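Next up is a structure, given as structure tokens.
Labels run A, B and C following the written order; every chain starts at residue 1.
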Amino acid sequence: MAFTDRSDLYAAVHEEGINRVVRHIMQQRPSLFNYATPYFLQNPGLLCVPIKAAPEVTAAGNPLFTVQTPLPVLAAMPPVGLNYCLQFTDLALDFHDSDTIKLPPELGTLPAQRLALYMKGCFGLGCVLEDFYRDLIPLAEAGAVSHGDKPFYGLASLPSSQERDPIVPPVRKLTCFCLELYAVLHFEWGPIGKDEYLKMRLDRLEIVDLKPEEMENILECYAEAVLRLGILPRLSIKIEKMVLDITRLLRQQGLQVGQQISLVPAPVPAAVPHNPAVEDDQLKAFVNLVIQP
Amino acid sequence: MQKKKVLLNRAMFSIRPYDSSALTVLTTLFHHFSEAGNYELFVRRGGTVIHRAAIQVSEKGAQQQLNLDLASLRDAEQRECCDKEAGTRYTLAVNSILGFYVSQGTGAYSVALARAEHKERQALDSAAHIPAGDLFAVTLVRPGTYRAVNEEGGAEAMIRVRPASPKDYRPDQAELVTCDAQAFKPKRVDITSGHSVVFRCEAPARLRVELVEPAESAPKPRKEMRHTLRRSSGPASRKAT
Amino acid sequence: MAHLTLAVSEGTFQRSFDLLKRNLTFQDSDLQDYGAFTLGYDVKMHLEGGSVDLRDDNTIQIKELDIRWDRLKVIIGLDIPRICVGGGCINMPWPIPDICLPRICVFSADPDVSISPDFASLVAQEISFTGSLVARYFDVSVPLPSPDPCQLLRVVPLPGNNQWQIFVDPQTMDLDLFDFPDIVGDLIEDALTSAVTALIPGGWVRDLILAIIGGVADLIRTILDIPDDIEEWLSDLFNVSFGLLDFIGTLVLDFFASCNPIYAIDDPFEILPAAGGLIPVRIPIRNLSVRAHDLEMVVQADVGA
């Protein structure tokens, strides 16, 4: 049976290939997966997990992480911020049928035509050292009582926003913990503007072994929002790129993809039962070539 | 191949009498030097001398024939033949022939030759007549019938010029006709277009050749444009044209 | 199992091929001077039609690809010899030497005539070839051969980076010889006759001149040294003397075999563009292979570690 029995073009990506692609991205664009306060620019060794970057990244002077503002200490006057980092250290995909990612019991068995996502993230916070507290508390107390003539005047109004740069206590060692996130996703075709894209959709996710349960739910809620609104839309891939840029040569010769030629997904179920299909550890796309007369 | 600009020699095809007293395109006068000596040559066009030259005829001269193109004599000053200080000079052998012809243009020329030491002794004055022993040639291109007249004695001859045929045509053919005071011999000559008749004068002569009757151009056969189809068999066969 | 698999059906291959061949046009001209005559050509062609057949032996067969001539001009220039009358010598009795008459010429110089009839609509050729599907690696650090045979044939610019490229490498090729139909001889003769006769006045003058030059047809044959069959002479001229046949063959062979890949993928292949000072993200492509069978062409590759 030929790959193109039911379509003009066929493209497939094996999960091992996808995971290699993910590793390349993590190493060549580490700032997508690592977030930390400026303190770590000079002290990268204090991060929870060392960042493995491709040599080209450091050679080009690219950042290893995306710089974040320190975590504000609520009610502190003068403002105080804590150093922290958030690092996604592992990311892997497993196309049905699952054999490389073992899903937690909450997600059950990976359904047909679905893929599993495994992500490990570590969060580290720089706690304030005792010496630093000794210096900061007198400042905080003076700030709280300087203008009031009533008891507990300082509680009458809390600072609404950071009006000036916070004091960021230095860190000798981060306190880190890591969480593992599993998700079940699927692919579908859909338009973005005028063009057809392959899109990734989230079905369910689970953060493993976090107590109390409500905290787990809150984190899962947040993670879902990040994935659905922040990350997955960025992973949409144009249809001709999906088929390894097959039309590039035609384009280079002056033919306009989208006008003179266009690629459209083969119809489901008239042509193929699933398109895109996630099976045999691969993502498969069945595409037809339409040439304008 | 760079395209050259070429001009048609229209004078060749103009219709007019050919006259030994007025040399034009397609006529040639040949003078025979029977005696050694120094001569002066005068070439006139419309009564004006356009060229003078010295001619030395001697036993030592090697050149047996020299043909001068009267239409290009103006360039003689630049020719290698001539000593620019002493003027144009030709050297010929005794019994040699000096030919005068006109290659192009509509001009009519006459030539005169005189002994340098006895200027009153004119060896040739073509405007008056051709001396005995000289020759006059006409190359006839237009097919038709021509009459040759010796105006010195009134003798006549007929020349018939046939159209040329591409099959076996050779242009370099000439017929010799002699003329004396009474008659041409032969009196009738047939040549092909482009060929020449050379009149050898045994007595002083003034010759004139004129077209009497042009030949009709043969109509070209029309190209067959119709193709006849015939059925090979069958009772209903009919001719279609 | 390969990390990446791409399959293209035979029908898609045909349609893509139809699009690609629109870009193969060829034009050339040359003029050679042989002294008494010049011969040359001024041609422009494109490809049409043809069918694509993918075969089980990993080859692709292009059949009956039509060479369409947009312009197929034959340039024939003649340097007509001198056309003169008179001349010849007559024998004279001793001691007078033989007298030779001057020749009077019809034109001031040897006239030239030139024709360039266009036989584009009368000549048709087909080309068929079978080629293996071959994957090659273009290494940008390796200098190009000098001279570069693809310089004029490359329809897309040379890549600025390493690339996997797939070519159809023709093994055999059938190319129809130039075969000019019978009418071409008449057209050339008529055109040359018109060009020659346009030089000279009509009537008896023309008859005389034509008689002197022996008729235009014979003149042409004499000057060009051609046999009675002008069509055959012309075909031979294009097939052999001008070398156009070899040129077209080489052109098509080079176009497909070495100059223009039917598919190419950069190595490394960029999946995220450079942005905001960040370097692009590229993945290495390894072990690219191509194979064909009766129904489709399959390209496979791995993502490097």
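Going forward, a residue touches a chain if its C-beta (ideal position, glycine included) is under 8 Å from a C-beta of that chain, and two chains touch if they have at least 3 such contacts.
The structure presented is a predicted model; accordingly, all values stated were derived computationally and were not measured.
Q: Once you've mapped the touching chain pairs, tell me: line, ring, star, complete or other?
A: Line.
Q: If you average the Cα atoms of each chain, whose average lands nearest the overall Cα average?
A: C
Q: Between chain A and chain C, what is the separation of their C-alpha centroids in Å?
A: A distance of 58 Å separates the two centres.
Q: Taking each chain's centre as its mean C-alpha position, how far apart are chain B and chain C in Å?
A: 54
Q: Take the average of all CA coordinates in chain A, do the same for chain B, and state the distance between these two points in whole angstrom.
A: About 108 Å separates the centre of chain A from that of chain B.
Q: Could you say which residues in chain C touch two or more other chains, in rising order?
A: Residues of chain C never touch two or more of the other chains.
Q: Of all residues in chain A, which touch chain C in the complex?
A: Touch list, chain A to chain C: 2-5, 7-14, 16-17, 20-21, 24-25, 28-29, 31, 56-57, 60, 62, 243-246, 248-250, 252-255, 260-261, 281-282, 289, 291.
Q: Show me the residue ranges of chain C that touch chain B in the complex, using the header's touch definition.
A: Interface residues on the chain C side: 31, 33, 37-38, 77, 79, 84-90, 92, 95-97, 99-112, 114, 199-201, 203-205, 207-208, 210-215, 218.
Q: Over in the complex, which chain B residues touch chain C? Could you list them?
A: By the definition above, chain B touches chain C via 1, 3-9, 12-13, 25-26, 28, 30, 32, 64-65, 67, 69, 95-97, 99, 101, 103-104, 135, 137, 139, 141-143, 163-166, 169, 171-174, 176, 193-196, 198, 200, 214-215, 217.
Q: Where on chain C does chain A make contact in their complex?
A: Counting only chain C, the residues touching chain A are 1-9, 11-12, 15-16, 18-20, 23, 155-157, 261-265, 271-272, 277-279, 281-283, 293, 295-296, 298-299, 302-305.
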